[in-house]
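Chain nomenclature is as follows: A, B, C and D, assigned in order of appearance, with residue numbering initiated at 1 for each chain independently.
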Amino acid sequence: MLVKDYMTKHPPMAEPKMSVVEVQRQMSENNVRYLPVVGDGKRLLGLITPQSMLIDPRRMASLNVWDITRLLSDLKVKDIMIKIRSVITIDPDTPIEQAAQVMVENRVGCLPVVQEGIVVGVITETDLLDHLSKMMSGNMSGVRVTIRMPMIKGELAKLVGVIAQAGWGIDAMGGALCVKDAKKWDAVVKIRASKEEVVAALSAISSQEIIDVREV
Amino acid sequence: MRGPREVPILQIEQLAVAYATRHGDVAAVRDVSFEIHRAQTFGIVGESGCGKSTVAFGMVNFLGRNGRITGGRILFQGQDLVKRSELELRKLRGDRIAMVYQDPMQALNPAMTLGDQMAEVLIVHRSMKRSAAMERCKQMLERVYMPDPASVMRRYPHQISGGQQQRIVIAMALLNDPALLIMDEPTTALDVTVEAAVLDLINDLQNEFDTAIMYISHNLGVIARVSDEIGVMYAGEMVERADVKDIFARPSHPYTLGLLRCIPRLDTTKRSTTLQPIRGRVPSPTALPPGCIFEPRCPFARPACSHQPIPMREIQPGHWARCLYAEEILEHKDDLSDDMVNIIIGVAPKTDNGGPILRVKEAKTYYPVASKQIIGGQKQYVKAVDNVSMEAMPGRTLGIVGESGCGKSTLVKTIIGLEKLSGGEIEFMGMDISTPVSKRSEALIKDLQMVFQNPDSTLNPSFSVGYQIARPLRRFKTVPRNQVRDEVIRLLNMMRLGENYYGRLPRQLSGGEKQRVAIARAIAAQPKLVLCDEPVSALDVSVQAAVLNLLLEIQQQLGTTMVFIAHDLSVVRFFCDHLAVMYLGQIAEIGPAEAIYLPPYHPYTEALLSAVPIPDPSAEQKHIRLGGSVPSALNPPTGCRFHTRCPRRAMLPDGGAICEREDPPAQFDTDQHRIYCHIPLEELRKMEAVVTIEKEGPHVG
Amino acid sequence: MFRFILRRLGFMLLTMFLVSVVIFLVSEVAPGDVARHILGQFATDDQVKLLRQQMGLEQPLYVRYFDWLVGNEWRLRNKVDMPLVYTKARPKDEIQWWAEESDGTLVQWKYKTSSGSLEQIRIAPDDSREVVDFEGWKTRDDGSQYFWGVDTAGHVVLWVKNVEGAGSGPAAAGRSLGTSGGQEYYPLKKGLLRGDPGISLRTNRPVGPTLARRLRNSFSLALIAFLLIMPIALALGILAGLREGSALDRSISLFSLITTSVPEFASGVFLILVLSFWLDLLPGASVFVDDTAPLQQPKLIILPVLTLTLAEVGYVARMTRASMVEVMNAPYIRTAILKGLPYRRIVFRHALRNALMAPITVIMLHVNWLVGGIVVVEAVFGYPGLGLYMLDSALFKDVNAIEAGAMVMVALAVGTQLIADIIYTFLNPRIRFT
Amino acid sequence: MSALSGGTKTAEKRPSRLRRLWGGFSIILESRVGTIGLCIIVFWVLVAIFAPLLAPRDPLSQDSDAINKGSSEQYLLGTDQLGRDILSRLIFGTRTILVLAPLSVLASVTVGTILGLTAGYFGGLVDEVVMRLLDAIMAFPTILLYLIIIAAIGPSAVNVVIAITFVGTPGIARLVRSLTLDIRTRDYIRAAQTRGEHPLYIMFVEILPNVRGPLIIDALLRVGYAIFAIGTLGFLGLGLPPPTPDWGGMVAEARKFIWTAPLNVLWPILAITSLVVGLNLFADGLREETTRYQ
């Protein structure tokens, strides 16, 4: 579950001397929202994001329509890109959740994956979301059960024991601290079996409470 | 394996390339479009001269002095390459787009060590220091399973084997982690077991580096094994494009169908099917037919086909074809095309009348090699052929198969008398022919003729076709003087070459035609035995089928016995009654063709069969790969010569120590089927078949 | 590698031997008689005969060849039954043949035509010189008196008392016939293999020293030309090869075509016409006042060097260009281009080394031509080199000189071929000599 | 593997011998270089053929009162030291050159081809002996070889041809040998061997025609060198005995009077150079065309 397994390798890239108009056309044509800017040998120089495309009107000399078009047409990527020193990059070997953490803290949508200054890929929100849905096997049908249990050692073992006894496999499993009650812990499990059997088996565990059951 | 629908690494739209020649511009490639996504392999297949290499070189705009891109767009990661300046292209090459070609030996600088040549890519593109670059190269060499990378990097290209050279070239291409890797027939020059290993390597490198690969080959089997999507090219145009399974299951362009029909397959024999060649010749780029380019050779052609050029159209999601009647083609793809109906060959083996026509007993051919010491030093010998015994039955075909360096060509040359026999004896029609050809009697020479491999050098370029066929007639006086010309014309017609070929010079003929003239020359004197030294391996697939059928016809009509040498197991399977598998100068296994392709196998035969690429992605095939490389025949391994690479030695007690000590005994599966192996026959019988033999399958009969 | 060099050296000796035999045979077959050549048309036949005898030309061919190769004083010793020595009697004397008595005194005999008797020149170890009448005649059974001795002209002579020799004839080229009177003459030689290439028939002085001086002149001329030609030719060839098909390439090709189409003598004379006659910049002929001339007046050398360079640059340039063009179209250059290497790096690291392999070996072979080609240039400019020396000797049929010169030239030629092969192995890693 | 090589010509009836010859020529005419060379050669050949008509005066007649005169309307290019008209001597000189040079090249080509074929085809001891012999001759500086041969057999037209043949043979033999070594490995030679053909048949019928191409080009260059050699020998006084008009000799004699009649030396030099340039251009054109034609 490392960044290098989930990042987009060989992403489309831009060069500093390219014209912004050209880059904008490509981004719209290929519905790409982030373009790392690289020099020779894929060395990272900057990043183009949707925000960097919004050009601050104050920079315009005048609002006369001809001046604007002329200025826009010879605007170069290096004028609008986020310079390398303010671009947050990530190493391919970091765990994926750390990448998510960095993105959330810095409120950025894309992290160029860099090794010794060379761009080896790009990881964006969509990649993480894609990873999340795979973690929860979002694309597979089955019974999805949410169980709340106290924060005591052995509780999870009990849950897994019951499922194992019933002979079912666990397609996906996720868990997090309960938002409302710090002492409680919620687990989400996906099992390929009928809804009734699952509810019957799991409600037998006294200390745990089924919050939500649904056929997915 | 393919990510969600995002930017394809490479997008080609209506690419057109032309060469400026003295007679004006010649359009070598017209209207080629396809896409390649990340970690996906796009296979381009087509016969020689169809422009597939031009497409490859067009990507990196390396079209020589007179070639240039005349139309279409090449989008690499979203940006069009056609308008890029030479400097920008240079920065892309070797960093984001890498290339690997057919002959690795030529692609490496003979006067520079391998290490320098590899590190250069990093030094130039990554401006790495030499030591760091060398270290990176060593890691990459380990990644491509190169034994002892440090010493290999200090060596020169001519000091390593073909397979290793290709690994170095592939490693060099992947050093900068390119987004696109273009491979132009990378494994064509390699032996089938080495090729299989390299193809595996390409697959798992792709998984790790997510590189998009454009794989170009004329061999449908290789393409089926390696690519996800396939484009079939013919005479400069892409005629069909679809997912790999689609194209084999539902070929919907007559040319693709023709290609599939004329390839001999491992799981079919000459009894159960016929090879249907494509008639006619590939049109030259300067004289293209008006309508559909395949119309002149298409069995399903209709008047509408020749009116105007046919556009590519999507007959099914993801399946494109350049044919007006593609849907109809699908229905009757199984019935025979008309001109093939009358020749159902499936010849039943004749009853064995009398003993073998050719008997080889413990034949040995050694080449003396100057010893290294200054004076004296015992003479060293290359044991090219070492203790080989076999027979050829009259009217039947004995196949000899094996990889390069196994001594099959030397054996044939010894039989025909071009090489001196160092030991054992050879009998032909009861008479001893251990002497070189210059000392043999006229009668013996007349009855033993040979067909050679390379069509370009088999005919003397300075003499007309008629003269060269007439020469054996005059030499052996098989026909009175005045009838020589008529006899030559009869032979030409037999070879399906018209009378007007009589006066032509070899340079005006295509490869297939040259080979037919060579066959006519060989059978002119009505020999009893014809030795064929890989007669079809240098030909295109469609032409190959025609020549193979021709040889079968000759055998059927004239009853000539044939010894057929080849390295392609599916061709040999189709063509031969008996088969001998050779390894490093010795016979590993010999017997009727059916027995060879079914267990019990000699471990080497098993490895060979599992390496042969089958032109059908759905066929299941055992996966056995041989490690190491072929040892030198100068000092071959002791005992069984295959023990250094044999994957089956574990089946023997104490790890097959016996294999190193003693020569393998001949174990008789049936009276005609012998296997030279220490592994007891019962164990060998327990192995399951390498290839599941489909009885019905898409082929007729 | 060592074994290969040994074989090549063996081959060189064989070739030299072969060549020497051929030259001897050829000069034997040649019409015209050397002695007649020396004495001119007016000498009488018996004078010519005497000179031939004195030069040992009467002896059978194989004897003469053997003498020339190995020398004959050890054979003729038993005639004079005293050791024969080839030394300088006194430090400033010329090297001459002497008989040496047991106590070290050097002895020569002289025939006095007036009295028909012999006198002896004796030089004692303490360098005192005296001339004494010699009475040691030996008598044969038929009563005639004879004596075998060494004369002042380096012959072993048989004198017979009171029998008139063939008389004297006009002295020619430092050779006085007056000392004749001997019945049989055997010219003394140490033989090539023992360092003495013999006496030049033309100048009657040892061949060795003159040959050495001439070789030095020729060598310096060839060296300067070589050092001038190679860099220019290689550079031109590479430039033309890189820009194949461009205007530069065509002009270089045309220039080299024209210069190779002009024979050396034509270009030599042409240069004299233009540079020294019309523009009067350089001396027309390079006349050497003394040995060290080339260093003081470099102007003497300029024209010959220029001629040689003109003739040679074109040829090497064309060959380098062809090799460069071939290499630039080689598949491994295509790999280099597709590896994205900059043009300069492709040319210098990849192309050059392979491209220079072929020309380097041929250039070394050209040293051999250079030595030969100089003959013409030396003839045109009168430059006193080996070539001119060989030319004059050949015209004069001076066998000893031609032989010595030929030996040097063959040694040089085969030597350079050997060096060429050795260089080739270093340049081309694929070739390892067994 | 450009698409070009794949296409094969539509197979038409083989052209007649004459048309094939013209086809050969048309190739050469397409290369500019080749045509210029051909024109120069043809010019000189015509001069040689029509020499008697063109030459204003008998080349040997001496006009005692017009010695070393400059060009005048009587003597277009002036006279030499014996009062002979330089122009007519030049014109007749072409005859000597254009007879002797090709003759000697023809001789060395025949001898060289036979040696090269035998050495190349048989290999082994034969090859070693022939090669060592050729190396010995090659080891000799060419000029010296001329000197010795001419000195041995005396200067005369025949001897000049013999000398040049003797010097030219090793080069041709080497070329033919290397070509034979390559062709010997071809399959059509093996096919002939399997038919038990006699080695002589294989050498002269199967191999020789395929050696012709490069041999012709090399022969052209050798004619150039032969012209050099004739000129040089003439210059060194070893060439043709006077008074036969010979360009080399003319240069040698004119050199002595360079002070009084400088231009005399210029004309023979220009003549020789132009002829050799013509030959080289023609050879280059031919080589370019044949390589592109394959």
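Methods note: contacts are C-beta pairs under 8 Å (C-beta built on N, C-alpha and C of every residue); 3 or more make two chains touch, one makes a residue touch a chain.
Everything quoted here is computed from the prediction, not taken from an experiment.
Student: Please state, in steps, how far subunit C lies from subunit A along the shortest route of touching chains.
Tutor: 2
Student: Going by the touch criterion stated earlier, list every chain that contacts subunit A and also contacts subunit B.
Tutor: In this structure, no chain contacts subunit B and also subunit A.
Student: Find the chain most remote from subunit C, comparing centres computed as mean CA coordinates.
Tutor: The chain farthest from subunit C, judged by C-alpha centres, is A.
Student: Which integer distance in Å separates the CA centroid of subunit A from that of subunit D?
Tutor: From the centre of subunit A to the centre of subunit D is 82 Å.
Student: Counting only Cα atoms for the centres, state how far subunit B is from subunit D in Å.
Tutor: 48
Student: Quick one: report the Å distance separating subunit C from subunit D, using the average Cα coordinate of each chain.
Tutor: 30
Student: What whole-Å value do you get for the distance between subunit B and subunit C if each is reduced to the mean of its CA atoms?
Tutor: 62
Student: Among the residues of subunit A, which are close enough to touch at least two other chains?
Tutor: Not one residue of subunit A touches more than one other chain, so the list is empty.
Student: Send over the residues of subunit D in touch with two or more other chains.
Tutor: Within subunit D, no residue touches at least two other chains.
Student: Touching two or more other chains, which residues of subunit B qualify?
Tutor: 91, 95, 125
Student: Would you please name all pairs of chains that touch?
Tutor: According to the stated criterion, the contacting chain pairs are A-B, B-C, B-D, C-D.
Student: So in the complex, the part of subunit C that touches subunit B is made up of which residues?
Tutor: 2-3, 245, 330-332, 334-342, 345, 349-350, 353-354, 357, 427-430, 434
Student: Residue numbers of subunit D touching subunit B in their complex, please.
Tutor: By the definition above, subunit D touches subunit B via 1-11, 13-14, 30, 186-188, 190-191, 193-197, 206, 209-210, 212.
Student: How about subunit A: which of its residues touch subunit B in the complex?
Tutor: Against subunit B, subunit A makes touches at 8-13, 26, 29-30, 32, 40-42, 118, 120, 126, 130.
Student: State the interface residues of subunit B toward subunit D in the complex, per the touch definition above.
Tutor: 19, 21-22, 26, 28-29, 48-51, 53-54, 64, 67, 236, 281-287, 416-418, 437-438, 440, 442, 445, 448-450, 452-454, 457-464, 468, 471-472, 475-476, 500-501, 503-505, 508-510, 518, 521-522
Student: In their shared complex, at which residues does subunit D touch subunit C?
Tutor: Interface residues on subunit D, with respect to subunit C: 132, 135-136, 139-144, 147-149, 151-154, 224, 227-228, 231-232, 235-238, 248, 251-252, 254-255, 258-259, 262, 265-266, 268-269, 272-273, 276-277, 279-281, 284.
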